[in-house]
């Protein structure tokens, strides 16, 4: 018998093989208020006037926060920061749909969502100053930011699994970027979530960029939403600049998740600013593109909805700005006053009980700092970023 | 009871699942199948499918979900089927498990165990036989334990499950079934972070861990003229310097034996610790007997890789000859 | 301004959010010959009678190979092995659709595909004896088996990328199991393949199990095929026990891949035997289930096609068995005679040039083996597995 | 030309892409953006989008595809944006890159480079500042180079790209721009696997690499009474034992300085090597000055983590006092 090459050379011909492709899947983008301000009244959620106005207020808070934090950063009072500009509707619409008992797994841009979940503003600023203490996420069910992109997805699945085992009435809510969807951690975490049917909502803020990489170079998939199909889990694609749409989408997702159906929500939005304060976006995208997305400004769009529905008059934009401005300044002051710090801090909490070698290292450092105060010439304690 | 290591592991899992209903066991094939080495045999029947679960082929998710469960008040005991499949989970260990307590200043903690059989000698396929404790032992915040006997396997695994911090638990699969000893029926703990003096002696200290302990003991048994003190390190992180130092201060000589590749292996750290605090006691260079700086060969030649007793004997003799 | 919890409690109501779910996607399983032997003549590929018979021959080769290798293993002459029993149509249908210039990334069960790609049978046996030399994949464009499940996917994407850069007329052909689809490596490798548009075919032999885990516990996705949507790449779901269907599917996939459209093919099949020779499947699946799939035996089904189309008479099953049996025995003999081996072998080829420390370690071992021949008491040189 | 390290890296990439059209550069943000540190600036414009590509957020795929490209005759130079994001790719390094030559007996080879900026001190966010060379240096088959100067960055990167084996190239980002020196315009190579004696001396050998070299030099400069010999290890794997041993045999004293955590760090291996072959020359225990066994702190306290010159000075003085 001959073991030599046996491949058959294919003679094409129509044998009826019809591949499945993404074009076969119909994915609509859910919206309530169109960019031009018109809206589908059947889809307007049943909220009180104050609640409607609150959504605006929080979006404005996000915007003011981003502006002020950026200024602080430029003054050297914060480290590198990532702004949520352009994504306010996604951040606020999602954050508002959560219960305070839910756990948020943040990814870095969602200041307003964290604040409304209970995190003190002082702590948020302290985190960006690089102070570990802020990652306690005091007063709020929030896991520290996943600076390592995507790494939080399986973590969130595991925590949701815990909620499921304990029959709790809560979900894990994971914020992630479009870039994060390309990580192995995303894949494995999502798949496990699907298998276990855990109460988890994965919220992808598809802001069209991962630093300089545009979404269409990040993946050949036309949407993030369709990625959920790989896990047999449901997904919702929503206009991420439409706060009511995001609110409805996440509320629905959350309900389903509570029933054991994890959901991926893709909020289609745009990162209006730089990736972070260390990035220069003019290197990789055009002004026109940025301009184009300005039309869909989430605040303006929602403002026209409020106007149209007679709720705008009671919004005092200047007052909100001022109120939050004051709050921001107080938070900065409080952060400035953060307790006297000690090197012990960086050794503590690694283990419940410090192992002898670590104790030795700590004691050595403490002695050394006393003996050789000249080492401080090399140490910039940067309580202010 | 008289038990092998695998039986001891199994017993520890049974005991802790009974003891604390927050203990959850998962990993590939751990449920119906009882694990490819049968470490989790019987758990599903006893504790049900809420607490004993098969995981998809997802090492990242296994490690990552363990962190999530652990921060939520559970005691996950995850199995990675072979240590050669732990590298995909490396990031979850480094980025999440090892530092969640530290990042959150103790607000969230990860009392989890990742068990994995490690080492060569069982004629497994490629990538199944690695010993990378040198790399994992270098992750601050992650404890790393490697028992060598059934007694320790049970006691240390119970300690690991109860430990408030994440523990990587590497099991010497080469001796999973090849040795038995009396193991108490009841629950007991063996401390993590404490080496065991397996045999007292005055001439030379031989430090080892995991399956290499047995080659070490055999080698020492063969050397009639040498009164060796044998230390089973048992935990790589935190590393029990004191027990090693005390012994070396007494014997003045030391040989370290491990199966992992030599360069960058944990043997270097043992030597460095002795250098730090017992150098002046040394009467000879510290010898290392280790795997070579190569991947573990496929099964037909893997035995050449392993530090067998004669290699250890020679190293001890050489050390004694100084 | 109050920073206290601001979440809005959702009042459900029909706001028109309609999640996308896997039920919305229509995925057909392509087939040519039905389990009962009836076939769609429009789909029968345009092959010569000999080629049609060759497909049967190779399936039989796979089956005989699996039987004989298993026996060898039981006699201690091979290490752990993984059989392709039940998957013959997937293995042979796909292997036949490739060009010899294509590169196969095997996963372990596809003996016949490797043999027809040019790998000497002796080498295949030597690999399962644990002899590195066999991973040269002599005479064939084959990368060593990916024993680490899924790890070969990004590797294959990279090699296909090389083919693309060099404008070659070839593809990488990656075999993988259903279990492999849950790995991060699969995800990242597939996504990159989609982004780059490389000439790669990913062939998932969905044999319903990953060791003891059934496919429906592996993922909540109903098919592997739909996972391709996550990457915006095309997929084909095919009856993996229908050799003509697999042949057509892979041929089509390969053509598309050559045009810059990577394709995922899911071959729906069944692992009839144990996972490997160290596995006991009765622990986790019922006899009935196994029986059920016997009905769909790939060889029998194809045999009825050959009978129906008048091609069976010229197939001499006994002769094929005998011929391959002889070949197998010769290969075993050749493997037994594999050159005298030296420990140098395990040190060589790690680097192009052996670094001094490694040379030292090798020299030390060589000296030691001479000095202390008693070490051989501990060393089982297992040229025969 | 007078260049910083980042400029030298950029120049090396330009030169090698010119020299060999099989060289392909890819990674996150390396194309239009020119890399977050601008290491790949200008490459896209000069060599086009076939050879300079942005990769998705996929470290596994970046490392894995590099192996594939390399086995297909290309010379991929992949960038991992920060060393803290290398752990997801650990498995591809261990399982594919490091051993494809070995598995296939030289039939397939992986002449690839993975570049990554490492280390603390630039006020980066969490997970950006790690030094895990101790773990990566323990992977047989993977070379690991860490230049400390612009001259070496260029010459060693060119060597790495031309090397027939996979090289992990860790760049000391803390000194990316903070020092300049004359760097030849033309192409040249600095060998991998060879340490450099940065300064000759007779009293004590100080071994370091990467950004800690500069703290070491500063410390030595400050110690007027000590005539230290300074060795820049430059390559962790393969490790140039001979240069270290020769120096220690001369000086009888040694201090090892690295930024990575102490326990399990590569300093242990350096000490072990000296123990092996130069123990009898030692007049004092070898000192280690390293990062602590903790994650790198967030930016406000990260400076406390770093081995600054005074810590190195003290260690040298302590070593001299024996």
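Letters A, B, C and D mark the chains as written, and numbering starts fresh at 1 in each.
Please note the rule applied: a residue touches a chain if its C-beta (ideal position, glycine included) is under 8 Å from a C-beta of that chain, and two chains touch if they have at least 3 such contacts.
Because the structure is predicted, anything quoted here is derived from the model rather than measured.
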item: Steps needed, at minimum, to go from chain A to chain C via contacts; value: 1
item: From chain D, the most remote chain by mean C-alpha position; value: C
item: Geometric centre distance via CA averages, chain B-chain A, whole Å; value: 39
item: Whole-Å gap between the CA centroids of chain B and chain D; value: 30
item: Numbers and ranges of chain A residues touching at least 2 other chains; value: 132, 144, 148, 151, 182-185, 188, 191, 195, 217-219, 350, 357-358
item: Multi-chain contact residues (two or more partners), chain B; value: 56, 58-61, 84, 88, 91, 95, 99, 102-103, 126-127, 140-141, 239, 263, 292-295
item: Topology of the chain contact graph, where touching chains are joined (line, ring, star, complete, other); value: complete
item: Residues of chain B that touch chain A when the two form their complex; value: 24, 50, 53, 55-56, 58-61, 63-74, 76, 88, 91-92, 95-96, 99-109, 140-141, 143, 164-165, 193, 238-239, 241-242
item: Residues on chain A engaged by chain D in the complex (per definition of touch); value: 79-80, 129-132, 144-145, 147-151, 179-185, 210-213, 217-219, 278-279, 283-284, 341, 343, 345-347, 350, 357-358, 361-362, 365, 368, 371-372, 374-375, 378-383, 385
item: Residue ranges of chain C in contact with chain D within the complex; value: 132-133, 135-137, 143-144, 148, 151-163, 165-166, 172, 184-185, 188-189, 191-192, 195-196, 348-352, 355-358
item: Sites on chain B touched by chain C in the complex; value: 28-29, 31-34, 36, 54, 56-61, 84-85, 88, 123-128, 262-263, 292-295, 297-306, 308-311, 314
item: Sites on chain A touched by chain C in the complex; value: 1, 3-22, 24-28, 30, 32, 40, 42-47, 51, 54-55, 58, 95-100, 115-118, 120-121, 182-188, 191, 194-195, 197, 217-222, 225-238, 247-249, 251-256, 263, 320, 323-324, 326-327
